[in-house]
Each structure stands twice: as C-alpha cells, then as structure tokens.
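Here come two complexes built around chain A, the first alongside chain B, the second alongside chain C.
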Partner chain A sequence: MLHAAVLLPFLAAFFIPFIYRGVKQVHLGWFVLAVPILLFGYFLTFIKNVLQGVHTLKTFEWIPSLGVNVTLYIDGLGLFFALLITGIGSLVVLYSIYYLNKAEKLGHFYVYLLLFMGAMLGVVLSDNLFVLYTFWELTSISSFLLIGYWYQREKSTAGALKSMVITVFGGLAMLGGFLLMSDLTGTTSIRGIIENADLIVESPLFSFILILVLLGAFTKSAQFPFHTWLPDAMEAPTPVSAFLHSATMVKAGIYLVARLSLVFAGTDLFFLIVSGFGLLTLCWGSYMAVRKTDLKAILAYSTISQLGMIMAMLGFGTKAAILAAVFHILNHATFKGSLFMVAGIVDHETGTRDIRRLGGLFTFMPITATLAFFGAFSMAGFPLPIFNGFLSKEMFFEASLFKHSSPIVESVAPFFPYLAVGGSIFTFIYSVMLFFRTFTGKQRDTLEKQPHEAPIGMLISPMILVALVVIIAIVPDVFGKSLLAPMVDSITGKAVDPHIKFWHGINNTALYMSLAVLVFGTILYLTRTKWEKVYDILPGKMSAAKVFDAFMNGLETGSKKVTNRYMTGSLRHYLVYILTFSVVLLAVSMSVTGGFNLSTDDLAPIAVPEVMIAVVMAVAAFGTIFMNNRIAAILVLGIVGYGLSLLFVFFRAPDLALTQLIVETVTVALFLLCFYHLPDLNKEKTPSRTKVVNWVISISVGVIVTLIGIASHSTKMFEPISEYFIKNSYKLGGGDNIVNVILVDFRGLDTLLEILVLGLAAIGIFTMIKLRPNKKGGNE
Partner chain B sequence: MEIIMSVLAGLLFTAGVYMMLQKQILKIVIGTALLSHGAHLFIITMGKLNRGNPPILTEDVTKYADPLPQALILTSIVISFGVTSFLLVLAYRAYQTNGTDNMEKLRGNEHE
Partner chain C sequence: MQRSNDLILKTTTTIIVFIIMGFSIYLFFAGHNAPGGGFIGGLMTSGALVLLYISYGFKTMERVIRFDFKNFIPIGLLIAVLTGIGSFFFGQPFLSHTDAYFELPILGHTHLATAILFDLGVYFTVVGVTMTIILNIAADEGEEELSKQNTQ
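Our next item is the complex of A and B:
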C-alpha cells in the first residue's frame, strides 16, 4: 500500500499523455489534482500511528544481493514532509489549472510535475541510502525539465542547465559520502547507520564524509555559495517556483541534514559548517533580496535566506532550535507558497513582475493585496500574533542564544545572535518593500493590461495557505503536538515538549531582538535610497552567479586551449608522443625492475660475412635518410631487404630467405611503379630544433630496442617449445619441412588470416585505384 | 652474434623511426618498411642464431634451428608486404587527390 502510494504519481505520469490526447475539453490539471489529494488523505491516516510512536516500515526487494531494497519508512519527519509535498502539491496543481492556459503544452507540464512529486515522496520516505539517492537525482532531473519548460526561451534553458550542473555536482558528492557511510557501517539502511553512528563519527574519514554529504544538502537547498542556481530557476512557470523552489525540493537538503542529524550532530565540525553557512546564507540572501526588482527574484533570494535560517537552527542542534527549525519549515512553506502564487497572479493580471513598474494595485486587486499582506508580514516576522512567521522567528532568536557546550562552539556562538538579527533586519526590509511597492503608492500607466482582480479559482490556493498562516499563528499548539513533536523526536531521538509560546514575557532577550529588527528595519526601509549604493561595492563583481559563469567559461576555454595545444592534427606530433611515452615507459620499467642484464654465455660465434652484411645494411638504412633522389632511396631500401634475406640464408632459414627475396623484389617493383606518379623527394627545410628532436627520439628508440634484445637474450627463463615441432613434424604433420608444417598444420589459423590480410589489401588497392568520387559526390 | 644483430635491429629501428617522423608520405612508407625489417631481424635473433641445421628433417641430424620464429616471421613478412603495398597506393592516391605529399599540409580543416 505504501509502495503503491509512492508509485502512484509515476503511474499517473505514465497515463497523462493518453488523457491529454483523449480529452480536449477539460483542463488536464483536474485529472492530475486527484493524485495529490488522494495521497494527502492517505498520509493523514498515519498521523495517529506516528503520535503513538508506531513507525511504519515496508520493504520491497529490489537488488537484495547489494542490499539495495526499496524500504519505505514513515516516522514523524518523513510523514511531515510527505504531507507538505502532497498538501502544497494539491494547492499548486489547483492553482496551475487557472494559471496555465490550455494552449500550453500541458501534457509535458503535468508529467514532469508528477514525476517530481513521486521522486520527492521517494526521497523523504526512503530508508535506503541508495534508493534515496536515486529519487534525489530524479528530483534534480524533473526540476531541470520544469525550469526549462519554456524551452524556446534562452534564459529558461540556461537556468535549467545551471541548476542541473550544481545540484548534480552536489548529488554526486553525496553519493560518495553515502558509499563511505555504508562501507563503514556495513548497512545501506539509514536507521542502521544511525544505530552505528559511532563507527562513522570515530572513523578517520569522518570529516570527509560529513563534507561530502553536506555538499549534497547545501547544493540542493541553495546554501551559500551554491545558492546561485535558485534565482535563475525562477524562469520556470510560477506554480513550479512555488512548489519546487520554495516548499519542497529546496527542503530536500534540509530533510537530509535533519535525517542524518542523529549521526552527525554533536560534532563540532557539523555545528561549524551547518550553522556557519546557514547564517551566512541567511544574511547574504536577505541582503541580496533587497536589491532585486523582480518579484520572483526577491522571493528567490528570500527563500535562500530562509533556508539558511532553518539550516542554521539544525546546526545549533539544541532541542529548542530543532523545534524552531521544524516549525519554520512549516511556516515558510505556507507563507512562501502563498507569496509565489500572489506574484504569479500579479504577473498574470498586469503583465509584469518588475516592482519599478508596479504600484497602487491595492484598489484593483484587494483580495490579492490582502493575501500578500499576510504573506509578506509573516515573512518579515512582524510582531503580531496573527503571523506564524513571527512565532518561528522569535523561536529562532531564542535558539540562537543557546548554551555553549564545547570550546569551539563557545568561541563563535556569541556572534550568532548578531548575525541572526542582521539577517532578519534585511528580511524585514525586503518583505515590507515587496508589499508596499507592489500594492500601494501611485499607479503607473505603463502596464500592458488594465489590472483587475484574479479569477476566484486562482485565489483559492493562496487563500488556503494564508488561512493556514493565521491558524498556525493562533493555535500553534495543535500543529506542534500533532506534527512537530514527532518530527523533533525523529531528528533528535528524544521526545520534546511541543508547546509553542507566543508571549515570552516582557523580560526576554528574544523579544528585544524582534523589536530591534522592527525599529532598524523601518528606519532602513525609509532611508533605503540613501544607502543603496552599497550594493555597487559589495556584490559588485563578486556575486556567486558571476563566479559561477567565470568558472564555467574558464573550464570551457581552458579545456579547449589544452586540447588545441596537444591535438595539433600533425602526424609527427602524435608519433612523437607515442614514441616518447613508449621509450620512457620501457626505460623506467627496465631500470626500476633491474630488467637489464648481459650474459655472453650462449652467444653464437661471430662470422665475418654476416658482420659485413650487417654493416652494409646499417649503412643502407641510414642512406635512405640522406638520399634526395627518390629512385636512389627506393633502391637503397632494396639493399636493406636483400641484405636481410642474405642474413636469413646464414641463419638457416631457407623459406624466409626465399620469401624475403620475392617480397623485396615485388615491393621494389611496386615502388618503382608508383614512383612515376609520386613527387620527387625534396630536401626538407626542417628547423634544426625539430631535427634534433627527431634524432633524439629515433636514437633512443633504437637504443631501447637494442637493450631489450640483449637483455632478453641474456635471460633464459624456460626451454622453447620448438622441440615438440621438430619431433612431431613428420609424425603428426607428415612433412619434412618443419616451418611449412607449422604454417599449414600446427598453426594453420595464422596462415588463413594472413591470406585474408593479403586479400583485403588487394581489394583495398583495387578499390582505391578504381573507385573515384565523381563530381556529384557519388562513385563512378 | 646475437648482440651484433640486436645492435643492427636497433639501427634499423632508428633509421625507420627517423623516416617516419618526416613530412613526405614516401619517406614515411620507407620508414615503415625499415621498421618491419628491423622487427623481423629482432624476432629471428631472439630465437637464437646458428644452432644446428635448417629446419628440414634430414637423416642423422638431431640439431635444428628453431622453426617457430621462422614461421612467425614468414607470416609477418607477408602481412607487412600487404600493408606496405596498400600504404604505397594510398600515398599515390592521396597525392593525386590532394596535390601534396606533405603530411603537415594534410591536417584536418580545423587545424588550419
């Protein structure tokens, strides 16, 4: 049943194209809508079990021999994310029905979306590391497809590519970490790994594993400096941005860190990296968001900064911090989802998302404006008990004041509350700016359309989300007890008091921090034109997007340069590489293994005629080099061949001598035949440096060959097999000529194939001479 | 004797490699021919020289030269002959079609 639930989106995705083609009258989204609603209802039934501490575990054997089985596991953490995915998923599908025109390629859109939904459910419910990784990459791929949905636009494809490169880079690093973890613990199950956490923490590879796994989480969750793909992913249709890039996919990294907290948390390195980068992301994201003028870009940077905040709290690792983190995950999903939908509505109804061209929309779109008001002020953490964002921000401040446990933590932790407040001030500025610059002020007449209120269907989803914002704020305990407590339990391994207070009492640091944010935020918002120039200095040329672009360009041009440098297309260069490499390899291995030795024991006596022939051959061989006349060169080459056949005579090889004689004659004849058509040898004007290189290489090849010859002659390792041929040539082969018996009898296969070679060469020569391309490009 | 022959094989290799590093196709073909001569000489030298009669069974002879390297070289000679003649005709055709026999000028277009 549980497996069927995860499989359902994939199955539905399979049938979508058929429905799309078959049913034209009804918007495809209505059929899709059933899937997440059904799943949401199904996952709701697990709440009771989880509250009682009953966790569901179902296994489907996939590759048992490798320990890779599709094991699904539902505990508080998994269930929460499953509800988030299916719940927001339902709302997003509903919204997309009104957002996307029927003229769009709806079939593609919903297939990708369902694939993503299934993959995301797989990520949060898998208990097996490698199944989790599989689904993880599937979310990267479906996100890639969704960002590039309008593939005719250059920006969409560029954004899709960037997100793919970054998330897959992190995914692969994570796979490395997973492999090490499963190798150390001997299990592929996440629960098994948590049980054996000591083995990982005490292993010398611990920091390596931690960094690899966190690379995966950080790239997916858009943490500094990997956040740069998220703003570019805003080229996707708005429902996608709302679903993937605010509520679900970007929380996969958060999920992973939370899931593996029981393994890593408590170590200083985990604390430093996760909290440090989380806070850095919080500040940088909110700082950058203020500068943006595109609604979705502001929301993208705000997502980055909020994710950083959640990550930082997971890094603190105290119970209060974890509770605040999971509470903020819930809150962020509600208000950020609604804000994206609002941005989509504004875009849809006015034709632009640029806040410099927007303004005064309140009168035209009162409902949308109200929704935006709740979303934005909740995001800002405005201190009123109707905004859930305020509650979680307050808890965040409180968590940042945690007690210090180790010297390293103690040395850096005091700075954290200041960073938290700093980031929150900018969060306040852009949230307020988002609302006021869009919905209040003067109305511009540059808009393409006359703005008007959105259709009611489009407003339902953000309304539900905003209703949740308020409900959560008013009765936080209901959600705390049912959803958050089991989740904190899964993350920390301990039960926690889920009570969420609105009022901390007057004498409370967190409250003063909130007030400071409010005061400084308001002041900075009102004076923003005076300090906006700061942005020309600090991001300037240093933004992560520019670094990424420079890196990718550098990679491309760099590898092109390197390749062009050695792949010159010159035969001589390639020969130089091959020969140099061979010589060096042979020389090194010979000297390293002490392979050279010289023994004069078993040498044949030196005979004068043979030595004379050898001298003639050597002279002739070098003669070919210095001949400037082609006919002379060919004849001198002939001398070498005939000399060789004479040597064969002396070395008791009559068949060889015969063959060599004939072949040499034919070759020389062939050379002479071709010779009329070949150009004359010209004196090459080679630079002397090239000449020296050529000589050095050829001489070292010759020396190596000589050395190998001497060494192998001096090393006798075993008797040759030849006695067998000599004994059995007549007995088995029925012939006196042993060489011939070997050729056609003992080793006849060689001869068969050698005949084939000769035949092929003949056919090749025939074709080369006969078949010529005619002017039309065909053959005559 | 084997040492002298090893040196000769090395010299043939040196000359062959040097020719192969030249630009003209004809020189490269000559280089490959020299290289195969060197290789054949190398093989027969490794089979030990002048140990007994030619490998043809005769009465009253017990010591024969090693027949196996000879069989190998025989195969090799034929193959290198096939390849050399193919190369030669290829050189001829390449010269006819391209109007040059300079390998440096026969690079692909992208290396212009």
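Our next item is the complex of A and C:
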C-alpha cells in the first residue's frame, strides 16, 4: 500500500499524455489534482501511528544481492515531509489550473510535476541510501525539466542547465559519501547506519564522508557558494517556483541533514560547517535580496536566506534549535508558498514583476494585497502573534543563544546571535519592501494590462496557505504536538520534550532581539536610498553567478586549449606520444622489476657468414634513411629482407626462408608499382630540433627493444614446449615437417584465421580500387 | 601502346611456367614432410600466373583464363572451414586431423592425411589473394592511363 502511494504519481504521469490527447475540454490539471489530494489524505492516516511511536516499515526487494531494496519507512520526519509535499502539491496544482493557459503544453508540465512529486516522496520516505540517491537524482532531473519548461527562452534553458550542473555535482559527491558510509557500516539502510554511527564517527574517513554528504545537501538546498542556481531557476513557471524552489526540493538538503543528524550531530566539524555556512547563507541571502527589484528574485534570495537559517539551527543541534528548525520548515513552506503565488498573481494580472514599475496595487487587488501582507510580515518575523514566522524566528533567536561544552563551539558561539539578528534585519527590510513597494504608493508606470483582482480559483491556494499562517500562529500547540514533536523525536532520537508550549515570555532576550530587528529594520528601510551605495562595494562586481560562469567558461576554453595543444592532427606528433610513452613505460617497469637481467651463458657460437649478412643488412637499413630517391630506398630496403631470408637459411628454417623470399619479392614489386606514381621525394627541410627529437626517440626505441630482446633471451622461466612438437610431429600429425604440422594440425586455427585476414586484405584492396565514390564526380 | 615483338620472352615463359607450376605443386604436396606447404605453393603458383600475365598481356590472358581469381578466396576459406567442421562428424573437436595409409591404383602404398585438405584451402586462398591484389592494382593503372588518353 505504501509502495503504491509512492508509485502513484509515476503511474499517473504515465497516463497523463493519454488523457491530454483524449480530453480537450477540461483543463488537464483537474485530473492531476486528485493524485496529491488522495496521497495527502492517505498520509494523514499515519499521524495516529506516528504519535504513538509506531513506525511503518515496508520492504520491496529490488536488488537484494547488493542490499539495494526499496524500503519505505515512515517516522515523524518522513511523514512531515510527505504531508508537506502532497499538501503544498495539491495547492500548487490547483493554483496552476488557473495560472496556466490551456494553450500551453500542459501534458509536459503535469508529467514533469508528477514525476517530481513521486521522486520527492521517494526521497523523504526511503530508508535505503541508494534508493534515496536514485530518487534524489530524479528530483534533479524533473526540476531541470520544469525550469526549462519554456524551452524557447534562452534564460530558461540556461537556468535549467545551471541548476542541473550544480545539483548533480552535489548529488554525485553525496553518492560518494553514501558509498563510504555503507562500506564502513556494512549496511545500506539508514536506520542501520544510525545504529552503527560510532563506526563512521570514529573512522579516519569521517571528515571526508561528512563533507561529501554535506556537499549534496548544500547544493540541493542552495547554501552559500552553491546558492547561485536558485535565482536563475526563477525562470520556471511560478507554480513550479512555489512548489519546488520554496517548499519541497530545496528542503531535500535540509531533510538529508536532519535525517543523518543522528550520525553526524555532536561532532565539532558538523557543527562548524552546518551552522557556519547556514548563518553565512542567511546573512548573504537576505543582504542580496534587498538589492533585487524582481519579485521572484527577491523571493529566491529570501528562500536562500531562510534555508540558511534552518540549516544553521540544524547545526546547533540542541533540542530547542531542532524544534525551532522544524517549526520554521513548516512556517516557511506556508508563507513562502503563498508569497510565490501572490507574485504569480501580480505578474499574471499586471504583466510585470519589476517592483520599480509596480505600486499602488492595493486598490485594484485588495485580496491579493491582504494575502501578501500576511505572507510578507510573517516572513519578516513581525512581532505580532498572528504571524507564525514571528514565533519561529523568536525560537531561532533563543536557539542561537545556546551554551555548549566543546571548546571550539564555545569560542565561536557568541558571534551567532549577532549574525542571526543581522540577517534578520535584512530579512525584515526586504519583506517590508516587497509589500509596500508593490501594493502601496502611487502607480508608477503604465502597465501592459489594466490591473484587476485575480480570479477566485487562483486565490484559493494562497488563501489556504495564509489561513494556515494565522492558524499556526494562534494555535501552535496543535501542530507542535501532532507533527513537530515526533519529527524532533526522529531527528534527535530522544523522547518528545515539553518545550513546545514555551511561547509567551515577555522577559526574555529573544523578544528584545526581535524588537531590535523591528527598530533597526524600520530605520534602515526608511533610509535605504542613503546606504544603497554599499552594494557597489560589497558584492561590487563579484557574485557567485559570475564565479560560476567564469568557472564554466574557463573549463570549456581550458579543455579546448589543452585538446588543441596535443590533438594537433599531425601523425608525427601522435607517433611521438605513443613511442615516448611505450619507451618510458617499458624502461621504468623493466628497471623497477629488475627485468634487465643480461647474461651471456646461453649464447650460440657466432659464425662468420652470419656476421657478414648482419653487417650488410645494417648498412642497407642505414642507407634507406639517407636515400633521396623513393625507388632506391625501396630497393635498398629489399636487401634487408633478402638478408633476413638468408639468415633464416643459416638458422635452419627453410619454410621461413622460402616464404620470406617470395613475400619480400612481392612486397618490393607492389611498392614499386605504387610508388612509381607518387611525386618525387623531396628532401624535407625539417628543423634541427625536430630532427634531434626524431633521433632521440628512434634510438631509445631501438635500445629498449634490443635490451628487452637480450633480457628475455637470458631469462627462460620455463622449458620450451618445442620438445613436445618434435616428439609428436609424426606420431600425432602424420608429417615430418614440424613447421607445417604445427601450422595445419597443432595450431590449425591460427592458420585458418590468418588466411581469413589475407582474404579480407585482398577484398579491401579490391574495394578501395574499384569502388571509389569520388571517381565520377561523386561525393568528396 | 605498341607492343614490341618479344618472341623470346613468350617462348621461354611458356616453358618456364610449366616448370614453376610443377615445382609449386611439388611444394604443396611435399609440405607435410619437407619444406613447403599450402602457403609457399600458393605463392609460387601465383608467381607463374603473374609471369604469364607479364609476357602475354591482359587481353590475351582474359581469353585464356575465364574465371575470376576473387572467387578463389571464398573457395579456399570454405575448404579450410569445412575441413575443420568435418571432424565434428567423428565426435572430435574442431580441426582435428587424422592420417592413414591407403593402397591407391597408380601411386601404390600412399600416406594420406586430412591435413592436406586444410592446406588446399590455404593454397586456394593465397592464390586468390595475391592474384586479386596484383591484377587489380595493375588494371587500375591501365584504366587511369586510358582515362588520361581520353581527356587529352
């Protein structure tokens, strides 16, 4: 049943094209809507079990021999995310029905969206590392397809490519970490790894594993150096931005860190990296968001900074911090989802998302403005208990004030509250700016469309989300007890703690921090024109996007340069590489293994005619190098061949001598036939450097081959098997000519294939001569 | 092209070709017990044939030899492979050979081995290969010269 639930979006995605083709009158989204609603209802039924501490575990064997099985596991953490995915998913599908025109390629859109939903469910529910990785990559791919949905636009495809490159890079690093983890613990199950966490923490590879896994989480969740893909992903249709890039996919990294907290948390390295980068991302994201003028770009940077905040709290690792983190995940999903939908409505009804051109929309679209008000002020953490963002931000401030025992943590922890407040001030500024500059003031520009209120269908989803914002703020306990407590339970592995009710303390530091954010934020917002020049100094001309572009360009031009440098197209160069490499390889491996074992024990006596022939052959071989005439070079080369056949005679190999004699004659004749038609051999004017290289290489090849020849003659490891042939040639083969018996009888197969080679060569020559496409004005 | 009257060449060729042919056949049959075999025999045969082509020219030879040497290649390969397959009929592995003594009508007490069949395949292939290569390269020149003459 649980497997069917995860499989359902994929199945639905399979049938979507048929419905799309078949039913033209009804918007395709209505059919899709049933899937997430059904799943949401199904996952709601698990709440009771999870609250009682009953975790569901279902296994479907996939590759049992490798320990890769589709094991689905529902505990507090997994259930919360499953509800988030299907819940926000339903709202987004509903919203998209009104947002997307029927003229769009709806079939593609909903197939990708369902694939994404299924993949995301798989990520949060898998208990198997490698199944988790499979679904993880599937979210990357479906997100890539969704960002590039309007593939005719250059920006869409560029954004899709960027997000693909960055998230897949992280995903691969993560796979490396997973492999090491499963190798160390001997299990592929996440629960099994958590049980054996000490094996990983104590292993020398620990920091390596941690960094690899965190690379995956950070790239997916757009943490500091890797956040650059998220603003570019805003080219996707707004429902996609709302679903993937605020509520679900970017939280996959958060999920992973939370899931593996039981393994890593408690180590200093984990604390430093996760909370350090989290706070850095929080500050940088909110700082950059203020500068942006595009609604979705502001929201993108805001998402980055909020994710940084959640990540930082996961890094703190205290129970209060984890509770704040999970509470903020819920809150962020509600208000950011609604804000994206509002941005989509503004875009849809006015034709622009640029806040420099917008303003005074309150009178035209009061409902949207009200929704935006709740979303933005909740995001700002405005100190009123009707905004859930305020509650979780308060908890965040409180969590940042924690005390820790470890000396390293002790030394950096005091800075954290200041960073948290600093990031929150900017969060306040952009949230306020987002609302006021869009909906109040005068209408600054003539817009393409006369702005008007959105259709009711488009407003339902953000309305539900905003209602949740307020409800969560008013009765946080309901959500705290039912959803968050079991989630904290599965992240920290400890029993539910009563901290959840801890809200209204007037007399605590966190509240003063909130008030400080409010005061400074207001002042800075009102005076923003005075200090805006700061942006020319700090990011200045630097940005992660530029670094990424420079890196990609450098990679491309660099590899092109390297390739052009050695792939010259000159055969001489390739020969130089091949020969140099083989000489170096042979020389090194021979000298390392002590292969140059030269002995003179086993030498035959040298006769005078052999020496004479050898001298003649050497002279002839040398002569060919200095010949200026091709024909002469061939004829002189023939001397070497005939000399060889004479040597065969002296060494008592009559068959070889005969064959060598005839083959040499035939080759010389063929050479003469062909070279007769070539232009005269001109003395090449080679530069002396080239000549020296040629000499060095050819001499070293000659030397190394000679040495190997002598060495292999001096070391005979086994008795040669020729004795067997000599004894059995007549008895088994029925012939006295041992060579011939070996050729046709003992080793007949070799001969069979050699004549096949000859036949192929002849056919090759025949085709080359007879079938030339360029012969009669054909191709080429 | 005007051919000079090379009567001496043609006459000697006629005699020598038979000697070479005879020698090549000897080499082929002697292979099992003395230097020689299918490979050398085949090369020798094609040597004789090339000599014929050199002295009498293409046109004459085309009238005398009506078959295409290209066909020798598949024929030779087929013989070799079939020899190998033949051993399957006696439940032996591929390319197992046997030999025995027979009383033949003219030759008398003779030693025959199936290896000679395999060598026959080698022989045919080698003849086919060398003749195909040499004749095609030679013929190609002629064609080029012809086309040159046509254009001039």
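Convention: the second predicted complex is superposed on the first by the 761 of 780 C-alpha atoms of A that agree within 3 Å, B and C clash if a C-alpha of one lies under 4 Å from a C-alpha of the other, contacts with A are read in each partner's own complex, and residues count from 1 in each chain.
Throughout what follows, contacts are C-beta pairs under 8 Å (C-beta built on N, C-alpha and C of every residue); 3 or more make two chains touch, one makes a residue touch a chain.
This is a predicted model, so every value here is computed, not measured.
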Combined model on chain A where chain B meets chain C, clash or fit: fit
Chain C, chain A and chain B - angle at the middle CA centre, rounded to the nearest 10 degrees: 20
Partner chain in contact with A:L752 - chain B first, chain C second, else both or neither: second
Which superposed partner A:P654 touches (first chain B, second chain C, both, neither): both
Partner chain(s) touched by A:K770 [first = chain B, second = chain C, both, neither]: second
First (chain B), second (chain C), both or neither touched by A:D736: both
Chain B versus chain C as contact partner of A:I578, first or second or both or neither: neither
Chain B versus chain C as contact partner of A:A550, first or second or both or neither: neither
Chain B versus chain C as contact partner of A:A614, first or second or both or neither: first
Touched partner set for A:V705, first chain B, second chain C, both or neither: first
Minimum Cα separation, chain C to chain B, after superposition on A (Å): 5
Overlap of the chain B and chain C footprints on chain A, listed as residue numbers: 654-655, 659, 663, 666, 670, 674, 677, 736-737, 739, 743, 751, 758, 761-762, 765, 769
Residue ranges of chain B touching chain A (in the complex, touch as defined): 1-24, 26-28, 30, 33-34, 37-38, 40-42, 44-58, 64-68, 70-71, 73-75, 77-79, 81-86, 88-93, 95-96, 101, 103-104, 107-108, 110-111
Residues of chain A that touch chain B when the two form their complex: 568-572, 575-576, 579, 600, 602-607, 610-611, 614, 617-618, 621-622, 624-625, 630, 633-634, 637, 640-641, 644, 647-648, 650-656, 659-660, 663, 666-667, 670-671, 674, 677-679, 681-682, 684, 686, 694-695, 697-699, 701-706, 709-710, 712-713, 720-722, 725-726, 729-730, 736-739, 742-743, 747, 750-751, 754, 757-758, 760-762, 764-765, 768-769
In the complex with chain A, residue positions of chain C that touch it: 27, 30-40, 43-44, 47, 70, 73-74, 76-77, 80-81, 84, 94-95, 97-99, 111, 113, 115, 118-119, 121-122, 125-126, 128-130, 132-134, 136-138, 140-141
Footprint of chain C on chain A - complex, ascending: 654-655, 658-659, 662-663, 666, 669-670, 673-674, 677, 733-737, 739-741, 743-745, 748-749, 751-752, 755-756, 758-759, 761-763, 765-766, 769-770
